[in-house]
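Reviewing the structure listed below.
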Amino acid sequence: MATIRLLTVEEADGIPEARAVLDDIRAVRQSSFINNFWLALANNPPLLARIWGDVKQIMTAPGALDPLTREMIYIAVSTANNCAYCVHSHTAAARAKGMSDAQHGELLAIIGLASQTNALANGMQIPVDAAFQA
Amino acid sequence: MATIRLLTVEEADGIPEARAVLDDIRAVRQSSFINNFWLALANNPPLLARIWGDVKQIMTAPGALDPLTREMIYIAVSTANNCAYCVHSHTAAARAKGMSDAQHGELLAIIGLASQTNALANGMQIPVDAAFQA
Amino acid sequence: MATIRLLTVEEADGIPEARAVLDDIRAVRQSSFINNFWLALANNPPLLARIWGDVKQIMTAPGALDPLTREMIYIAVSTANNCAYCVHSHTAAARAKGMSDAQHGELLAIIGLASQTNALANGMQIPVDAAFQA
Amino acid sequence: MATIRLLTVEEADGIPEARAVLDDIRAVRQSSFINNFWLALANNPPLLARIWGDVKQIMTAPGALDPLTREMIYIAVSTANNCAYCVHSHTAAARAKGMSDAQHGELLAIIGLASQTNALANGMQIPVDAAFQA
Amino acid sequence: MATIRLLTVEEADGIPEARAVLDDIRAVRQSSFINNFWLALANNPPLLARIWGDVKQIMTAPGALDPLTREMIYIAVSTANNCAYCVHSHTAAARAKGMSDAQHGELLAIIGLASQTNALANGMQIPVDAAFQA
Amino acid sequence: MATIRLLTVEEADGIPEARAVLDDIRAVRQSSFINNFWLALANNPPLLARIWGDVKQIMTAPGALDPLTREMIYIAVSTANNCAYCVHSHTAAARAKGMSDAQHGELLAIIGLASQTNALANGMQIPVDAAFQA
């Protein structure tokens, strides 16, 4: 169903440059599970290495935002961009990091509200207030 | 520049149903400033009342997410939907609620990363893993 | 400001293949005004001719939908796709075809509502009911 | 397959605040069928109540636009936002309200045309004519 | 699963105006295979004829861009617009026109990169440099 | 007008980690001009370094796609995502790499066509042919 062949875990692990990345994914996540996104990228080891490097740094390195907040922002973007795969995988990640039903419900409500006001502001073509451009 | 006439504050305050909403906006925000979005909606008082009611409840009522997290999620959606007005106004709101430069930088990095992986997942048409559908 | 040079009306009228299209636009609209979109396309007369031909047929030929309904659908798509130029020009067109303030207000409300439920359905990844696939 | 658990109709009806909303949906639609969107929202009764309240008012209250026109605008937005669930459910709703094959064909043609000119206007970055900003 | 009935090849060939278009598709592509997109459009022969005419001219007529480059641009747009059907069908078309795994990988990398910088530029609301507006 | 302060070139060059990246941009492009995107990112040197590293590798390293084709794909994505800044800057880059008026016209035509068929395929919810999923 993918437009590139999904490698099996065995095939991906058989490519040395891919294996190194997959092992790092397993180590960081403390899990042996490799989801389809990485098995698709394993067709192109340099791309796999670059994307995982970005994900690892941005989503897991110490910083000013806690891990769950990062996942909820990721879900918000993925929903607005309508990436079904990403909505599924990052909702699972957020739940694994402790997102409660109440937090999920509020996240969905904000995503819906923002989408509504985005459409209204665009439909009315509201000029940006000078106060916001200072 | 808007596709509907922006009312002046005086005009909007002269419409009783609009005045009541604008006064509530001033009270909740503890500020006399009314931004253009509301002055445009004031052409249609029932729509103004409904949207402000949603914003007030979802963005300011006590809940499971803190106010700054809610604003960052709003910015994320508005950026993905490319609503310039909304990005400006909610970035200002987030700063007013204490968003630091470091938090803003991380927010931008996550928005950029998610947009990239959204595009890759959609471009490869990755099927959702059974593990995410349980 | 455009990424291709906007021709002046005189320049565009000086290109025979473009002139024929511009004259048809003037005739169909019963107006001498040529808006920027056509002056940009006039750099490429075959593209100008094809796009105008589509617009003329789809938006003005007799059919099952009345002209104002067609313009409101056009505004809805342009808002969702966030094309500022298109929102402006088709809101002007809809007003010229009689769109009232009340109709505009309801149009905006539907666009906002649909954007909200679109986001909720995508965020929750709701499967399509069998009843809708019959 | 949803990212939140779809309740069964029995489960949803077992939640008093949800039951009241579902019964109103049944009454307004004069049908016992409850589609998945509402069964997903039933996990969060206040969100269910708010969204249904908006849909009921905007899509069914007397107003300046007839019910079928409202559904076609909804389909246009849902298509541009690429919400598969929403395209399916609102196409079904439009058919139930009498949309003919000819009307559906014209709706699709306008959605396609607008998407094309949206892309051309954005690709050429056409400045908005002064005439449209008056 | 479609919102309009997919005709069978036999049904579509039974409609004279549709048959003429389908035969031209077969001739241009030198293949007897008719994909679902055309079988859906065959419900509306004038729309079928217009869209195929556009595709034939833009994608296959001699021009300044080679056929594979055209398909890769098509995939890029379809991915950004998240049209699953279009990503699948045009990836197949690009492969049929010789797209190598290396070219596909670079195409995906550019689509991902552009999506990321699009989001960053929109999130920071960067003003266009005067140098780019000359 | 940006949501983060655009640094002046002097300010950006005064930050050692930013200076190193800006000097590499100047060297690779063989130009002293630094456009606003990089001056905005210079507020966050690690993000500046990462994004420039990606752009440099993906857009300029030897590969299977020539530099102009890469820029046209970038424009296509940026147009579909409606990033005005990106459309302007990458159209300028494509012109600097030799894009002719004819190539630009064909690029625009493909972007418009794809946007139209994307909308039609999504509006009709066409199922992917088995032949494309092999």
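Letters A, B, C, D, E and F mark the chains as written, and numbering starts fresh at 1 in each.
The rule is simple: a contact is a pair of C-beta atoms (placed from the backbone, for glycine too) under 8 Å apart; a residue touches a chain by one contact, two chains touch by 3 or more.
Values in this document were obtained by computation on a predicted structure and should not be read as measured data.
S.K.: Give the chains in contact with both chain E and chain F, ordered by label.
M.R.: A, B, C, D
S.K.: Examine where the copies chain B and chain C touch and state whether the two sides share over half of their residue numbers (same) or under half (different).
M.R.: Under half of the interface numbering overlaps between copies: different.
S.K.: Can you compute the centre-to-centre distance for chain A and chain E, using the mean CA position of each chain? Integer Å is fine.
M.R.: A distance of 27 Å separates the two centres.
S.K.: So how far apart, in whole Å, are chain C and chain D when each is placed at the average of its C-alpha atoms?
M.R.: About 21 Å separates the centre of chain C from that of chain D.
S.K.: Measure off the straight-line distance from the CA centroid of chain B to the CA centroid of chain E, and report it in whole Å.
M.R.: Computed from C-alpha means, the inter-chain centre distance equals 34 Å.
S.K.: Among all residues of chain C, which ones touch two or more of the remaining chains?
M.R.: In chain C, 1, 3-4, 51, 54, 77, 79-84, 87-88, 91, 105, 107-109, 111-120, 122-125, 128, 133 touch at least two other chains.
S.K.: Chain adjacency by touch: line, ring, star, complete or other shape?
M.R.: If you draw each chain as a dot and join those that touch, every dot ends up joined to every other.
S.K.: Per the contact definition, I'd like the list of chain A residues that touch chain B in the complex.
M.R.: 1-4, 6, 33, 35-37, 40-41, 51, 54-55, 58-59, 63-65, 69-70, 72-74, 76-81, 83-86, 88-92, 100, 102-103, 106-107, 109-111, 113-129, 131-133
S.K.: What part of chain D is in contact with chain A in the complex they form?
M.R.: 3-4, 43-44, 47, 51, 77, 81-83
S.K.: Note which residues of chain C are touching chain A in the complex, please.
M.R.: 75, 79-80, 82, 84, 87-88, 107-108, 111-120, 122-125
S.K.: In their complex, what parts of chain B are in touch with chain F?
M.R.: Per the touch definition, chain B meets chain F at residues 82, 87-88, 91, 101, 104-105, 108-109, 112, 119.
S.K.: Considering the complex alone, what residue numbers of chain F touch chain A?
M.R.: 1, 50, 54, 128, 133
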